[in-house]
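In what follows, a single structure is set out as structure tokens and then discussed.
In order of appearance the chains are A, B, C, D, E and F, and numbering begins at 1 in each one.
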């Protein structure tokens, strides 16, 4: 339970609500809280649902000839990271610090050997490990939005594997592991504003710049092959996000309800805001804009869901859509090809959330923290902490991602050859066609 | 817990099963029931899933040129009603009666300001509020089936916002708020036969008549662009309905299991019945007919899921398909353009359920009620109560909806101009195309 | 709780973790475990989700002219078996043995008359009955993969109804009912390796051979109409499978967490393995291959999820993809038309799992069983038991299925006439078209 | 015999078909095409960017008629497909040497 | 040179293609079209209402051949596309002034 | 007037369209077709089996021009559609008796 919230926050919520798991046995270490366990089981399923959701969201936005290849960019993470996580991922992230705290390690976590009957806070550790694993799976998949329609599949697989080991694992350890240095510093990041979205967004931008634009971009007009599927995907992502954020409280209590509530509010607020912006700009309201607004709201609230209140959630969702909308405008000026706007939405929107949440924190939380630190803790103090976290995240992401890009390009090859790009990934790399309606 | 069932029913189930949440602390007001909380969290996610489900169901039935516009009719409610609900919706519905009981109000619910750590029956009130909010979101979306392919998006948004404030909020307060007059009267409406489906269905018919038919209707043959997606949508709706009905018990106990069971049975029975009808009528079994049968079964059991037993559920599902099937026939004779049959299925099927459930109520429930009222309570007594509820629902829906239609038409405009109707909503109002498979 | 695991296994897990439902009342018989109840509710919803998931998976693989008909093969089971289950299915499977143990019977289960307020191990029996019912629904639907694109819908319905009564009910009783002879023998089959996948797979092969190949097969090249939808379906199946396997522990505890964990690991391992095989064989990685690998991993772990550990899950998933891949090769040599490879994947992969799990059983489980039986229980002893179970399953499936095929063919007709086959099921039998994008 | 290719606005198809039926032309073949010409394509929006789609959806009607029917057919198509707005389309007439009905082998006008 | 337009039933495409191959015609262009004629469209059902779809899916084969191949080609198409049922389709022959192979610039029959 | 049918590689469409525009040809009709010829189709994989897809996607451009524009148009299409690889496609020229603009009724070259 300590994994995802800094201790002050946790402590407080406990005080406020007695929300300790209700054990049925004296021996707490062993007792199961069937309710919290159930919520972690289902949260794991909900985050899993986000992978097809993301594949549909991204897959609908590319040209028909690349639809399968783009969906596979999301799906393949289920296999590659899914296996790596069991082998060493959980150990590297949630083991105790090694290499001066760069990553963690715990022999018991190697192949999940030693947790077969371990129970923590009433929840079997297996399910915690699986839940955390889903986050490791979806993060590299997010990046695929930036390199869509122009990479070798083999190169992509090598990229996500290395990125997981060299960016995700360290970052996750720093921010979510009880002995991570950013965790100890008190960085607030409930469900991965930094660990997931800023890291993915910044890396996405790096990859996009490294690879260069697709043939014909930006003259080539966008031809989303299936906006209908993109809308479906946005719907599934919203549903899955409830598990993503509310599951991150690792319990089924008041904080969980708060996290789900703020997630719902911010997503609605983000979607509404984007709608209004487009209505003003074009006197039209696009489905893609609406879906983008949903995402903007969701990524913005991700770090903040357990500390802000409804007004804060409304504000974060709205801000996020405004800032993301203009980030996309800037992209069109700078003409870099972040194809599906992973940076423009996940990086920018969630980055904003990570910082701005400082000004919407529940009073009681601030009071509590002040007690802990022994002086009046202000939003500015928190903002400073958040800024440090963001700095570290950006630095790690950019440096490592660049290195990996060069390595992949030199070895398996990353950027696809022109002929295959023209032909399309589906035919050239997968030997299939997405649709055959004849 | 009292919100969704009249007290006799609740009392009884308690007696029958000791199904009180299992608290872990003496101070009940504060204790969390992690299991029930978990079920409400997931039920909220399941009802959310119904929005993309509905968008897919409806979206597949229109012509290709209107697919995005039709899906947006469902999705936009997530934003518009989603925000309104937080601002004032929860206060207007579940606050204590004001204006002579027309609606409710509770300053604590305004922007959900005052429930940050409130827990009721072991469940954080936030999550109850979010769960109820989903119902408010999906109800206007259902109406969109009646006005498909021929309204301005801006007008539609104004319509759903006003409809929510002037029809949904009062009705929900009357029937589900502990001090609502219909609630006190003992109207049985577990998950919204009246509040959701009859109100939506009757309003849908009103709108359809107000707007008039689409250009070329009924000569213009139906051209569902994607029945495959409609089937997917029907599947997601069935799944979501488990949260919709079983979640309405606001607990995770025997009544919950009963509600889910009857929902499953009625949906299966409805689908099977429609299949048989078509097999007899055409010697064919359409996928759309099957999907319609699923919906017919689901809407019929919605008000009744917690009070009837399996035989009753089988009967309600079957009746519903029969009566809905003929309602659609009547539509073809009267030639009004309830485009996607919101009235023909939600209004007719659920209306039937609201009344006929009176004859399938669990014996123990009748006994209990008799004790409460002090004389032998018969099905006819209940039917009379249900009829009053339905009368009030229809009256409110028709009057308010008509008023709103005129207002929207006069201000932002409601019925779209002919050129845009020919061009299609997607291009004319959203500047997009649903599919581009070239 | 005893339904799905043989007693030794159960006993052990209890010892290991005190994972008894946490009751809130003295009177255990009546007390509700809200957490476990919640997990069974949601597991039921998750398995329901597998039906649209399967419809999408299968529907995407056939030719456009058969897409609706193929999806209806899955959906119709929701209605036909859904109703049959309530009428007599639950009684025939989980009632006490009659006819010398061929099936079971319990008058209380007839129309679910007598379980209205029955609670077992803290879970209302209604929800157990509904959960079990979902398995009965999906199993015949799996078989539809073998007879795709060439049967009458009426004949198909007769087939699934009879198959359910004559194959599923007996087998389910034998293996999952506490007094089933294979259950007593100690066959390990957590979530239906034998009951679901081997029985479906073997029956599928039988039907495929009985019906003969589609017109033009195998010269006719495969033309999957919508691999994009097949991928979505695979995603939903994976999500649903968490409820399928982890729900089969009928609790929300350590075994549940274990089952979900092994399911996740095996699916990832299976997908990765298939990817590697294709990369070697074709230097390409198909989306369909990846999806097939997911399924291979899922079916292999289904019987084993609660007894093996992560290494075992990795191994089972990998083995399964290898053996299934070659099974499909063999099919192409033998040229029988198991159209969507129900036997090749469900039969072969899960059959392998049923047997090979013997060598990956958790040490503690073996120790415990040894104590129970009074001598050192080895993997070979377990393998022998598993082999007996498989033998019985295959025998029952082949004999009954053949008989049913002849009966259906002679009465309603099974294999469709050539003209209708050329025209396509959608037009000929359902009077619809899947897509109309013009 | 002559072949008439008429490129028209999609929603006019039914009118044209009925009009041709009335003058006894009971067979035709249609296909979905995209047109480029004076009529400008519509605007689409993609994440804040607006761009014009050059090609406009049209329906192409191919109908082979006996020489003496040509003028009548053209006249009828013109009337039924006309909206007076840019983009109504074109009619092209080309010579046909021979027509055969696959089912019977009939040749010439008898095959129509 | 002549252009042969053959409108056939979709599932006959492979047979026709193979038949043309046999007589040495190794190039063609096909497109999906919809046909209207004697063959009545099929019935579809929508929520209890039954209606007829006028247009029937067909495949149009366009093949340009040298004048001396025309009769042979027609004969071959007729045989391979024929089912004897209404709706088998038509074959139309039209004159071609010139053919060019884009890759090489070859003109006339050499371009085929 | 003549009708030019150009069958080209899909991704060359924009180049050809622009090239025709430059020489003042501002109208055309295109359709998606499938081609069969020297260029072999690509390989597809289905559950461990590999097979070749015979028909290759192509775009057919139909443009009617006045007789004196024909050679220029052909030349321009050839240049803009050429990649030098097998499968670049063909250009066919056929006679047109008459052209009519539906909107105005204009006939002949004025209708183009």
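Going forward, a residue touches a chain if its C-beta (ideal position, glycine included) is under 8 Å from a C-beta of that chain, and two chains touch if they have at least 3 such contacts.
Since this is a predicted model, take the numbers as computed values, not measurements.
Undergrad: Any chains in contact with both chain C and chain E?
TA: Touches both chain C and chain E: B, F.
Undergrad: Would you say B-E or B-D is joined by more C-beta pairs in contact?
TA: B-E
Undergrad: Between chain A and chain B, what distance separates the C-alpha centroids? Give it in angstrom.
TA: 33
Undergrad: Using CA atom averages as chain centres, what separation in Å is found between chain D and chain F?
TA: The mean C-alpha positions of chain D and chain F differ by 18 Å.
Undergrad: Any idea how many Å lie between the Cα centroids of chain A and chain F?
TA: Spacing between the chain centres: roughly 47 Å.
Undergrad: Using mean CA coordinates as chain centres, what's the gap between chain A and chain D in Å?
TA: A distance of 52 Å separates the two centres.
Undergrad: Where in chain C do residues touch at least two different other chains?
TA: Within chain C, residues 22-23, 33-36, 38, 42, 224, 226, 282, 284, 286, 288, 430-433, 435, 437-438 contact more than one other chain.
Undergrad: Among the residues of chain D, pick out those that touch two or more other chains and give their numbers.
TA: 31-32, 44-45, 50, 94-95
Undergrad: Using the touch rule from the top of the page, what pairs of chains touch, sorted by label?
TA: Touching chain pairs, listed by label, are A-B, A-C, A-D, A-F, B-C, B-D, B-E, C-E, C-F, D-E, D-F, E-F.
Undergrad: Applying the document's contact rule, which stretches of chain F touch chain C when the two form their complex?
TA: For chain F paired with chain C, touching residues are 44-51, 53.
Undergrad: Show which residues of chain B lie in contact with chain D when the two form their complex.
TA: The touching residues are 422-423, 427, 430-433.
Undergrad: Can you name the residues of chain B that touch chain E in the complex?
TA: 221-222, 224, 278, 281-282, 284, 286, 288-289, 292, 325, 328-329, 332, 341
Undergrad: Enumerate the contact residues on chain A facing chain B in the complex.
TA: Contacts found on chain A: 16-23, 33-36, 38-39, 42, 46, 64, 223-228, 231-232, 234-236, 238-239, 242-243, 246, 251-254, 256-258, 260-261, 264-265, 267-269, 271-272, 275, 279, 282, 284-288, 290, 293-294, 309-311, 314, 362, 435, 437.
Undergrad: Under the touch definition given earlier, write down the residues of chain D that touch chain B in their complex.
TA: The touching residues are 11, 42-45, 50.
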